[in-house]
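First chain A sits with chain B, and in the next complex the same chain sits with chain C.
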Partner chain A sequence: MEAMKSYASDGAITMKKPSQIKEIWRRFRKNKLAMAGLIVLSVMILAAVFAEQIGTYQSAIAMDVKNKLQNPSWQHIFGTDGYGRDLFIRCVHGGRVSLFIGFAASIAGMLCGGILGMISAYYGNKFDNAVMRTLDVFSAIPTILLALTLVAALGQGIVNIIVALVISRIPAFARIVRASTLGVVDQDYIEAARAGGTSDYHIMLKHIIPNIVGPLIVQTTMNVSSMILQTASLSFLGLGISAPRPEWGALISEAKEYIRIKPFMILFPGLCIILASASINLLGDGLRDALDPRLKS
Partner chain B sequence: MIPIILGVSVIIFCILSVTPGDPGTFILGAGGTQADVDELNRKLGYDLPAWQRYFKYMFGALRLDLGTSYMTKLSVLDEVLAKAPVSVSVAFLGILTSLVIGIPLGVLSAVKQYSLLDAIPTFLAIFLAAAPSFWVGLMLMVFFSVKLGWLPSQGITSIKGYFMPMLSLGLIYGAQTLRFTRSSMLETIRQDYVRTAKAKGASERAVIWKHAMQNALLPVITVTGNNFGALLGGAIVTETLFGLPGLGTYIVAGIKAKDIPVVMGGTISLAILFSIVMLLMDLLYAYVDPRIKAKYAGNRG
Partner chain C sequence: MGASQPLLETRNLKKYFNTAAGKLHAVDDISVRIMRRETLGVVGESGCGKSTLGRTILRLIEPTDGAILFKGEDITRLKAAGMREMRMRMQIIFQDPYSSINPRMSVSEIIAEYMLFHKMYRTRAEAWNRTAQLMNTVGLARRLANAYPHELDGGRRQRIGIARALSMNPEFIVCDEPVSALDVSIQAQILNLLLELQREFGLTYLFITHDLSVVKHISDEIMVMYLGQCVEQAPADELFANPRHPYTKALLSAIPVPDISMRDREIVTIRGEVKSPINPGIGCRFAGRCEYALDRCLQADVPLVGLSEKHLCACVRAGEV
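Let's look at the complex of A and B:
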């Protein structure tokens, strides 16, 4: 109990003292797999940011039927697709869409679900009950199905897909944040703040959030990879990013047609997804261990 | 359970109501005149306001009448009853495969921590946990259907058709089971009672499989239950990929054509199945965890 409290107050300082961040970074750096994840992910993000410099968007969607279905070569390292477009450039531009949706949906879902979960746990009673029962209902609908119906209602497009993914992810985030808020809301320091006349808003912002932010960062990171996978699934089911804009999942479903003659077309975009989401998962694992060394297995 | 299913029906109905397009236009396509479209919508009962359609639908559902599909005119209840067994058996086979793959490998990699027998399964688990399910399915298709020509890539006309969906779900969820089994096992084998068992001279095998396993598997059961629930609907992608006539493909086709009775009926049945699975899992958990049994026995007494 004593250890937990001192850890909790350490956590509160995390945000302010650079030495804490240095300490976390020192622990993180020791984890080789997590460092590998960080490096691979950074490279992929850089490639996505500078996609236009690697190959223009125009060249990623312009058709060149003469060069269609070429095997990987030095000129086209991933080969070309059914319309003669360079698959490497399409994967790079696809990464732009996939990674953007993954990060944006994850962060927005964390904010919406997190605020809901925290308020729900903080005020408790009837409000908490109502929120949790509503979330139970949402959880009985499979996430992909909820996202699918929402995309059908909102229409395809990057923003609409993000909105659909955020809504379908709110219950999970709300639950996590609610559980960790319930763990701190009874602590003496909250009681003390309340007795001292601190406003609810101030207590949540200054005393609760710093103490639950660690696990939340880890969850948000891990969630990016499931958002990337969900986006890919939506595209695969025909309700994701629409042609000609490349997206990793859409690239795989386009390649499905050529499964009998050019299976490598399925391989490369799939490896992009795996590389990105595996790095994100490893990064999340590493962050979890670095933020809370007691949990290390 | 009933409030949850009512809630699910309200949510899905609301989302479907704001989805653009009407069934008349979908059925007649571009060829239909506005008058034809209106006439068809009236016949389908689509001219009523949304809340009236909802209550009409739900009163029907109470009498086990899930309506008829706008597109095919087939009874939704009959279709759901024909398709649910496919989804349930694919999910069940997938989960079973995942346990067969995940638990032994998880225990092995925990017992031989930091050896090659730990590194290889862990690496494969990281890889598979990051892979989209349809990509894994497509890779199996490339291998078993295209290269070897052993298995049909589509449909379940023969029992062979179940193999690839089962394996692709089994691999993906097996990766998760492996990770959970490994970490839970690592935690367990460091407990005092395991050391006691070793100290009293029980063989390594007996310690691992009898003493440690029983406790290490409890969290795995929870995860498996959740996975099974998730798989019922989450197998949508796998069902679509392999062309299986399950609830998933049925609902996706319904969503694309705005076939409201199909989507409603399909989703409600999924929610019912999901609740039943969760209930069974709770019962199973109470059965295998002596602590829960003891708690209830105590309450009664």
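Let's look at the complex of A and C:
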């Protein structure tokens, strides 16, 4: 650690200190599990991005009834579904939708809810009350019901699903961020920053956010997997992604008919969800630890 | 401005907090004058409003009533922008060196924060130069520039807080119990540092403490607070030699004297509990615990009267006891 610090024998402090990102990466790399999560997730994201190169979308939706319900083989490594479509290609294309919705909804929910929660805790009093009571109203409605209603009202489609999921997630994020912020605004360094004549914006950006980012990252990453599952539930209920477009949840929903005779059909998309969720959570844990200078070793 | 104009003056400063039970009189009618390059020590027991007074003077807490004059200018009337300017001239050093600095920032970032925010220097390099200079001034080794607060002990952390306060080139600093959270050996270092800085930069301090031996060492004048009010104010030597308020007497008598011949000296102890600061009502707030209390102590508020030019005391029997 000493070697990473810059020394100046005299004169100015060399502000060539190791850049924050490099420092964080150095700490992150030490966490084996988090690295494993990062690698698995990267592979999945790469597969999703280059899905078209792995197998065309056309081949993922074209039926081939002669080859239906085949067991996994070298030709179809995940086997084929009830319409003879290659499950591996469908899983890859499904990842495109699932991962995109998972990340987009989590990040958008984190930003909207986080900003709301932080501002609400920072200014407190009546504003805080107004915001939190409004959010209480939202959280009184079951998430899936709210999402269902919104999708029914706005119509199906990826963007509408994301909007519905984000709205249903805002209260949870706002509450978590508000709670962490309340713990930080009482600290003397916030008062010191005020005594230094800095602005509220500066205080939130430099003092509050860095000190609440830990729980927020964990929450966001945990949320990605639950967003993937929510999308799956919506698809399962017929309000998510419409057939024949593949999506992990929809794949499970389709496979349930064959669960007795071809259990692998439900196993593979299920594995995709589990792997993605687990690796995102591990990544989030590692990131939280890497971001905290107090934990550096 | 004339030599007799105080650098900082408060006039009938009041801060009441609204609580469920009523109005909490944290700072009640405090008028002080602090001359340039002097130190006003504020002593009193926990909860008597010392820290609230310090924070109210800096408008970190908005006063309920009264005026705060900095070089004759009433800062309670300043708008946000004017106050931002004013903050460069008035700073604060906190009691707890653990919560007063952001654990996510490195030492140099903490010290340079205000300078960078206010763009006090044209280039970042100049600001870093100044940071290095400040670290030197407060006695922090330069190799600590990129260290994080958790790697440092309380004394060093407090030095960071002092450097940060100095970065704005202030004229007036509120020291809110700056040594009470530190080990005794480090207390002396920090106190001496504060005294040196005062000499070097011509600083004016409002020094809040509950430690009487500290306050005598550092103050020119001392104000004794009890439940939000000033009960006695005098030059430091005068106060220690000739305390007039029964509360001050009791406080001074509680200082341990490391002298064997003094073991038989009488110690005045205060009985009873501090009265609640919520809706305290009229009359002397100390009367319930005072051995000299008379009926008239409770019939009307006891004004702060001058016993001599610089010695003020709020006791109806100040002349006799």
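We adopt the following convention: the second predicted complex is superposed on the first by the 249 of 297 C-alpha atoms of A that agree within 3 Å, B and C clash if a C-alpha of one lies under 4 Å from a C-alpha of the other, contacts with A are read in each partner's own complex, and residues count from 1 in each chain.
The working rule: a contact is a pair of C-beta atoms (placed from the backbone, for glycine too) under 8 Å apart; a residue touches a chain by one contact, two chains touch by 3 or more.
Source: prediction; values computed, not measured.
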First, second, both or neither for A:F100, with chain B first and chain C second: neither
Partner chain(s) touched by A:H207 [first = chain B, second = chain C, both, neither]: second
First, second, both or neither for A:E191, with chain B first and chain C second: second
First, second, both or neither for A:Y57, with chain B first and chain C second: neither
More chain A residues in contact [chain B versus chain C]: B
Chain B and chain C contact sites that coincide on chain A, given as residue numbers: none
Footprint of chain A on chain B - complex, ascending: 3-5, 7-8, 11-12, 15-16, 18-20, 126-127, 129-135, 138-139, 141-142, 146, 183, 186-187, 230, 232-234, 236-237, 240-241, 251-252, 255-256, 258, 263, 267, 270-271, 274-275
Chain B contact footprint on chain A (complex, rising order): 133-134, 136-138, 140-146, 148-150, 152-153, 155, 225, 229, 232-233, 236-239, 249, 252-253, 256, 259-260, 263, 266-267, 270, 273-278, 281-282, 297
Chain C-touching residues of chain A, taken from the complex the two chains share: 5-8, 11-13, 15, 17, 187-189, 191-199, 202, 206-207, 210-211, 292-294, 296
Chain A contact footprint on chain C (complex, rising order): 55, 58, 60, 83-88, 91-92, 94-96, 99-106, 108, 113-114, 117-118, 124-125, 128-129, 131-132, 135, 142-143, 145-148, 150, 161, 164, 168
